[in-house]
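Order as written gives the chain letters A, B and C; numbering starts at 1 within each chain.
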Amino acid sequence: MKRLDEIEWDAFSRLPIEDKKPYLERKEGDGLPFHTLFAQQFDRGALERLCALASRIRFINKSREGALYLKSILAHKRAMLYFSQPSSRTFLSHLAACQILGMTTGSVRDAATSSEFKGESHEDSIRTFSSYFDMIIMRSPVQGLAEKMAWELSNSFRPVPILNAGSGKDQHPTQALLDIYTLVRSFEEKGGIDGRTVVFCGDLMRGRTVRSLSWLLTDFRDVKQIFVAPRELQVSADVVMNLAKKGVDFEVTDDLRAAVRTADAVYMTRIQDEWDSAKGESAKIDTSRFKFGAEELSLLGPDGVIMHPLPRRDEIATCCDRDPRAKYWRQMRNGMWIRAALIAATFGYEKEIMDCGY
Amino acid sequence: MKRLDEIEWDAFSRLPIEDKKPYLERKEGDGLPFHTLFAQQFDRGALERLCALASRIRFINKSREGALYLKSILAHKRAMLYFSQPSSRTFLSHLAACQILGMTTGSVRDAATSSEFKGESHEDSIRTFSSYFDMIIMRSPVQGLAEKMAWELSNSFRPVPILNAGSGKDQHPTQALLDIYTLVRSFEEKGGIDGRTVVFCGDLMRGRTVRSLSWLLTDFRDVKQIFVAPRELQVSADVVMNLAKKGVDFEVTDDLRAAVRTADAVYMTRIQDEWDSAKGESAKIDTSRFKFGAEELSLLGPDGVIMHPLPRRDEIATCCDRDPRAKYWRQMRNGMWIRAALIAATFGYEKEIMDCGY
Amino acid sequence: MKRLDEIEWDAFSRLPIEDKKPYLERKEGDGLPFHTLFAQQFDRGALERLCALASRIRFINKSREGALYLKSILAHKRAMLYFSQPSSRTFLSHLAACQILGMTTGSVRDAATSSEFKGESHEDSIRTFSSYFDMIIMRSPVQGLAEKMAWELSNSFRPVPILNAGSGKDQHPTQALLDIYTLVRSFEEKGGIDGRTVVFCGDLMRGRTVRSLSWLLTDFRDVKQIFVAPRELQVSADVVMNLAKKGVDFEVTDDLRAAVRTADAVYMTRIQDEWDSAKGESAKIDTSRFKFGAEELSLLGPDGVIMHPLPRRDEIATCCDRDPRAKYWRQMRNGMWIRAALIAATFGYEKEIMDCGY
């Protein structure tokens, strides 16, 4: 473990992502994060511990007594949710995670309210929040901002943890955690994730969830990845190169049905046309063969799972919604549990919760 | 009692409102609601139990110990307030009701924040909220939406209750509950509601509160209803026909002062010009004789009560505000108590609270 | 002590500020406020008690047990934060103060949501909030509104306290409290505030913080005040006249460096160009000599302190941020503690907290 207050910002920011990891850990050196910035900072060991903790929290929360116990864990802490890039879904999931652990919260969550901060630097705004709160959960359209703020806070007189809830186009680490947790849960009584085939389908070029999940799956053994997309929206070269470098088996195709036949998990995504240039190029792409409907459902094996980061448009037909293999609603709820686990772990309560009598 | 997951949506939605009632009850079959959608789903028995529970909660809350006891009741639950049609008053009243019972809350309460949901179906949005919360309190400009969502949730793997806090032009059931509770409290030591004369005055055509309260009053014995309004804003035919069908004594008039002389309760409402067509027809109506001022106050009996759903403009002169017969402020606070009672009952805590030692 | 419900509004509003003070006290007559409206309502005794209580709360909050004890203090109360003039910083500070004491909160904090109240009078809106909450923390662009609302509530059937979090151009009493608390803390082991020299620099004409702090400092002995500003933005005549009348030593100058050499505390402020007329006159003023940087830092004595109400632009160079004499971050956090102290005192918990075993 290394310390963020012992390295200059310029030096830190230029490190490869693998070398940043030790700077983000808790000072107790227990392998869990203090700042959560990148999906890639979690190795298999950390992922499995967080998943186990999430399942423990989920179980404890079933009884009233258990729920009240969990609410006592962080009842002495306050979290700030700073969403300068609004997302009600992500906001509510983090909020619920805080509430499960008894944290009270404050929030800035829309452009209008946060515009007043324009006169001051991001550093000053974040320091303001750190004055009043014990953790900052932030979502921002500015690439790399969460990382900068984590460094700033670790070098201030009140170093509170940053939890990155989406930062620019590149990082949304807790989405990757919830995706992994959903796979772990789906296969936990069926031999686990190792050796599985995961199919990604849709707008693979512009979705940060695909890129993060693809990376994390390389921490598992023999997971084959198949990328199904129209040519214009196929997964980008750096993802492919990462897999090739690590010797991971993968395939790039435009045939969803063939892929579904071999799939253990199908991860559907929507066309992210909010990133279109003014010309609306997405509308010109034929995406009709990249949707999951009754036909695809019939091709999926009995233990297969269907996932989606939501919101969806028409990538998954609603006729699939009540099929037991459709996991996207549980996936969303899993996000709440894994975030609660992450927050509890950040504050050092992993062991207390794992060992409690509930 | 019947079950919402045993009837198709089309069949359910076509049922007369009376026949929908059994589908909305708690599965424990205790006569209290799981989903709260319509004013008409509450019969006299349910109304009286909710009013008794509201008064009990109000009493318990007077002491610090009692308030802390109440906060323990639903401390293990979380409520989502989804107000795609903003209303701070209604929002805050429900929020306070949740807080009295110890529920933590999340919210979406303005058009800007909720616009992001436009890309997805209402069904998916509501399912998102049900993933993170244990109850959904919703207000929407879309007529019938709360009903559809209740059906959807009851047919999902996580059937959480819907509390309708206003849905389109037609339904705002908790407003009707608080009106009844205000009448119950006002007359509780004076022989009750039976046999009273209730005067409605103002924009009776477009206010959903009048229509709901008129209906609920038919559950009581011998309550005469007098409707005072300019011709253009008089109560609509279906309300009158409901009363005629049930053999209830009523009167339609434009003479407020004559009505006040015989009234036990006067229910004032404002002109709802937000429903005007582009021509602003409300402004052309002479509403001067449909206001309650010093003169009307002098005509009201010593036990009479003045109510108003608020906000008001000039329908009630401020000189009436400190008269003990002016109940509109207490009426607003009653809304908080009856909503707390309704929420507690929805989760099955009626008996525990009624029997507690406070 | 006098009672607000025994004086008419016209008579009350015309009283000099000193004569209003006794009307704002708690009915227990313990010298602490019920309504907090003006910086000037706090005399030295009250200031010192609030500062002591803030330090006590800050200390108790260090341990988990202490924090949980504090959260029990007002767990039976609810606060409304009504910010019709948005300010996330002030909002979050008050929110955190409420949360430290266990109060749950509701809020209206942006123009869009509060626009719906336009149809009704301020009095009715405030009464609405008082129906659901036990304290109203309000911020408004309307001068004198908090005062009027305090009078209204004290004359209603539910007299809840008003805490003025900024009202028009003139009053922001809790900012003054946190400034005093920061000075008290900074000098508490170095002989206190008496006899110090305080330098104000920046836009002294339009900042309400300077005017309030200047007033409160006259409650202390022999505090010299130096006002450093461009001619167009110098402190206004009423501030100077108040000092002259009380025989306080002061100086008006445009030489910041000379002032810093003699300063115990330097209070920097930003140019408040939001108050500019359409002509943008601020941009034409040369403010270059009214900034605190490395040079000024080198002139400040070893025990000197640098303060700023924040947000800052470039009035203080970031190179000063890690100097131990830079107190502006702690000043912000002090705001949370002193507000918690004020709220606890308003509800009568000063003694319980001072005497508790933590």
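Everything below uses one rule, namely that a contact is a pair of C-beta atoms (placed from the backbone, for glycine too) under 8 Å apart; a residue touches a chain by one contact, two chains touch by 3 or more.
All of these numbers come straight from a predicted model, not from anything done at the bench.
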Chain B and chain A - chains in contact with each: C
Same or different contact residues where chain C meets its copy chain A, judged by the half mark: different
Separation of mean Cα positions, chain C and chain A [Å, integer]: 41
Junction residues of chain C - those touching two or more other chains: 110, 112
Touching residues (chain side chain A, partner chain C) in the complex: 75-76, 78, 80, 104, 106, 108, 110, 112-114, 116-117, 119-121, 123-125, 127-129, 131-133, 155-158
Chain B to chain C touching residues, read off their complex: 64, 67-68, 71, 86-89, 91-93, 95-96, 99, 109-112, 310-313, 318, 322, 329-330, 332-333, 336
